[in-house]
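We call the chains A, B, C, D, E, F, G, H, I and J, going by the order they appear; numbering starts again at 1 in every chain.
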Amino acid sequence: MLFMLNVRYAPQPQLGDEEAQALRRRHDEHVARLARQETLLGIWRIAGAQANYSLWQADSAEALHEVLSALPLFPHLQVDVTPLAQHPLGGHCRLSA
Amino acid sequence: MLFMLNVRYAPQPQLGDEEAQALRRRHDEHVARLARQETLLGIWRIAGAQANYSLWQADSAEALHEVLSALPLFPHLQVDVTPLAQHPLGGHCRLSA
Amino acid sequence: MLFMLNVRYAPQPQLGDEEAQALRRRHDEHVARLARQETLLGIWRIAGAQANYSLWQADSAEALHEVLSALPLFPHLQVDVTPLAQHPLGGHCRLSA
Amino acid sequence: MLFMLNVRYAPQPQLGDEEAQALRRRHDEHVARLARQETLLGIWRIAGAQANYSLWQADSAEALHEVLSALPLFPHLQVDVTPLAQHPLGGHCRLSA
Amino acid sequence: MLFMLNVRYAPQPQLGDEEAQALRRRHDEHVARLARQETLLGIWRIAGAQANYSLWQADSAEALHEVLSALPLFPHLQVDVTPLAQHPLGGHCRLSA
Amino acid sequence: MLFMLNVRYAPQPQLGDEEAQALRRRHDEHVARLARQETLLGIWRIAGAQANYSLWQADSAEALHEVLSALPLFPHLQVDVTPLAQHPLGGHCRLSA
Amino acid sequence: MLFMLNVRYAPQPQLGDEEAQALRRRHDEHVARLARQETLLGIWRIAGAQANYSLWQADSAEALHEVLSALPLFPHLQVDVTPLAQHPLGGHCRLSA
Amino acid sequence: MLFMLNVRYAPQPQLGDEEAQALRRRHDEHVARLARQETLLGIWRIAGAQANYSLWQADSAEALHEVLSALPLFPHLQVDVTPLAQHPLGGHCRLSA
Amino acid sequence: MLFMLNVRYAPQPQLGDEEAQALRRRHDEHVARLARQETLLGIWRIAGAQANYSLWQADSAEALHEVLSALPLFPHLQVDVTPLAQHPLGGHCRLSA
Amino acid sequence: MLFMLNVRYAPQPQLGDEEAQALRRRHDEHVARLARQETLLGIWRIAGAQANYSLWQADSAEALHEVLSALPLFPHLQVDVTPLAQHPLGGHCRLSA
């Protein structure tokens, strides 16, 4: 099952710069693993913003939530999750996911 | 260059049912061609809505606008275009686009 | 998998009263069947509005979209779909779904 | 009488991590008791967010407010309360509440 | 139990002037009866708008919805219902309801 | 002249707990006096929130602003003021104000 | 007492061009009279829009609503009314109203 | 040329009470001078809020911005500027500005 | 003086296709003249929408409003006008306007 | 390729005054260089606000994001990026970009 996420970085006021950088490093390694496991299928930076659109694959919203809430930066992210269905024209696309 | 589109179907009040169906058929054939040409890279239905997220590839916003404004249903669509940049973690993803 | 839906009745301008009533009757029968099949798990009227919160169960957003788009009143509904995960305190509730 | 709540966790800036965890523990025990007393009938995590939809039963909005304002995390929650009425199709649902 | 309503008049496009006036007359008689029965406790026009704030009393949201959905103008009204609880300072007020 | 107020408690970040409680005590005594003088005619808690709807009587918006800006908690309140006119059906209501 | 109004022209869909022009003529004469009576104290066009900011004087919101609801174009206007109080610096201004 | 401003006081979190009061005194003197020079033509308090509507006169938006950005409280204000044109009925008003 | 406009095409429901095309032709000729007179300094299509950002030059908002309200498509446009001031870094730009 | 940016200055709460001024100086020099390289084509202050509209030229959203994220004030800016296409009337404008 696929989900489109709109993710904005919204650091909590008390987060210091060093802690932020350390979290970011662990976060990026963590996300790279999720990408290699094909939980994260695609991720695109929104130009001009600390934000992305990303396409995730999970057995259920349950499984997705477990993955997201384990992200090192989770308390500093605002996430909107849109559940997706197959589009009738999706089969014609290179990225049929 | 990549663009994420959020597209909602918003038929104008005077559009009759038959005309809508005829437009839809031509629209779908047109979009399928764009998919085969890899202008449309991916398209996903938003569950519960007459709407989609779709990922488009074009040389410029110029070229993208030309493609979109030629869609048979264009006057009946509401489209938000988000220009995308490469995400540092995108290279780890199956759908690197 | 569970989804919370917020559904508002938003009839298109050209829908006549009689057609609306006929659609409504077919819609209600259709929804009652979905309830008996436990696709629709619960539905609650929002006081003062032609709207409801409803809890749906489906194997995927795919399956949910198929069910929703087949509803007789689908073109006259505005639907927001929220994918749900188990809440740690859900197990204490009578309606654990 | 039933109420649908949309609850988001929005900690006040001065809340420290340790205090937050202690409040959370007391809060969860408190909520579990409310669930066993059938004041809280159902609770579902919104995927990707520190938020839930929850279904509450109380004799009145008066009684509901008393329950909510006694929650250990109440000052750190944003709560929207929607009063519910029976839906004509509710009787067909497993979770008739 | 008390509810504060914000009610806006939003006539559907097909409603003719004469029908609107006839509905309005029946509506006003109907509402006057609800006022004399103390279902409607108070109603105040929002200056400059076809809208009101009104204070309603009902045994439950269930009962309130039944009353509202029977109003002759119900399909032409947009209604927001806020469930109310006793305010600690309410007892000092002339209109303690 | 009557005004409907929607008042939300929005403490400024630097307000400490003790100061908040001291302000609250003075605020409540102050508001109780305004109620006994029939400046505040009615006040109702919005269920689940630190907020109220309240009905105020003043000779003018001028006089109302003077009253509100003298409230001990005024810098920590968000207030929307709606000026009211007599509703044609108001005379049938118990709370004719 | 003074009120600032934000007024947008929002003709109902069934209003024909001729009827609109006739209403407009009567409306303008009516408003000019209100200006000469110093009920309307000032009116300024919002550049680029069929909208204005206007400053009105009335004994009460009651009186203001009576004036506004008698405007020939009233059913085709969207009006936001902001009640005003004297500003401490108002006395230094040429337009002290 | 005329501009309508909607100005809200939104102090930045680090602004202390004493500094705020000192700024306010200087700000008020500064604004009074602008009023006597007929740059500020009128100012009205929004009842219940730390906000105003104010009418400004300047040769251009350029000149207006210079005036506004020199206000002692400028970093603590949220300002919406609406450029105004003469209204056909303005000539009938006492405050023709 | 410069203004940035955000202009969206929002045809009124009763506008027929032929009339729309005729208006569009006259509108485009009219706008081209305004461009040659350097009233319209620049215009850019918003990709994917029937909308533009455009930069206008006029002696005042008065003069701008006169120009805009004479556009053949004016009743079918939604226009937001932002008054501009010189930016300190503008002098380094090729399009200093 | 062209982009219209709406940029608001939104300093993070922990940013001190001195650091802000130092960042601002470096930021302005940096932006001036981008203007001389014709990456930034035009920039206009929004009157009354710490905000601008600016027109940028880049080979892609990719290249634009690289430029923007290297701005010294980037973490303290809120940026909306609108991708632009040529407008049919653009060729008549002095600022054809």
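One rule holds for everything that comes next: a residue touches a chain if its C-beta (ideal position, glycine included) is under 8 Å from a C-beta of that chain, and two chains touch if they have at least 3 such contacts.
If you're wondering where the values come from, they're calculated on a predicted model, not measured in any experiment.
Chemist: Along touching chains only, what is the step distance from subunit E to subunit J?
Modeler: Between subunit E and subunit J, the shortest chain-hopping route counts 3.
Chemist: Could you work out which pair in F-H, F-G or B-J copies the interface of E-G, where over half of the contact pairs coincide by residue number?
Modeler: Residue-number overlap above half with E-G among F-H, F-G or B-J: F-H.
Chemist: Quick check: more C-beta contact pairs in F-H or B-J?
Modeler: B-J
Chemist: Quick one: report the Å distance separating subunit C from subunit F, using the average Cα coordinate of each chain.
Modeler: Result: the chain centres lie 39 Å from each other.
Chemist: Between subunit C and subunit D, what is the gap in Å from one C-alpha centre to the other?
Modeler: 22
Chemist: Please report how many Å separate the Cα centroid of subunit A from that of subunit H, as a whole number.
Modeler: About 44 Å, centre to centre.
Chemist: Find the geometric centre of each of subunit H and subunit I from their Cα atoms only, then give the gap between the two centres in Å, rounded to an integer.
Modeler: About 28 Å separates the centre of subunit H from that of subunit I.
Chemist: Hunt down the residues of subunit I that sit against at least two other chains at once, touch-wise.
Modeler: 2-3, 13, 45-47, 61-62, 64-65, 81, 83-86
Chemist: What part of subunit B is in contact with subunit A in the complex they form?
Modeler: 2, 4, 28, 31-32, 35-36, 38, 40-47, 52-55, 82-90, 92-97
Chemist: How about subunit C: which of its residues touch subunit A in the complex?
Modeler: Answer in residue numbers: 1-3, 60-62, 64-66, 81, 83-86.
Chemist: In the complex formed with subunit G, which residues of subunit I make contact?
Modeler: 3, 5, 12-14, 61-62, 64-65, 68, 75, 79-81
Chemist: Can you tell me which positions in subunit E touch subunit G when the two form their complex?
Modeler: Within the complex, subunit E contacts subunit G at residues 13, 45-50.
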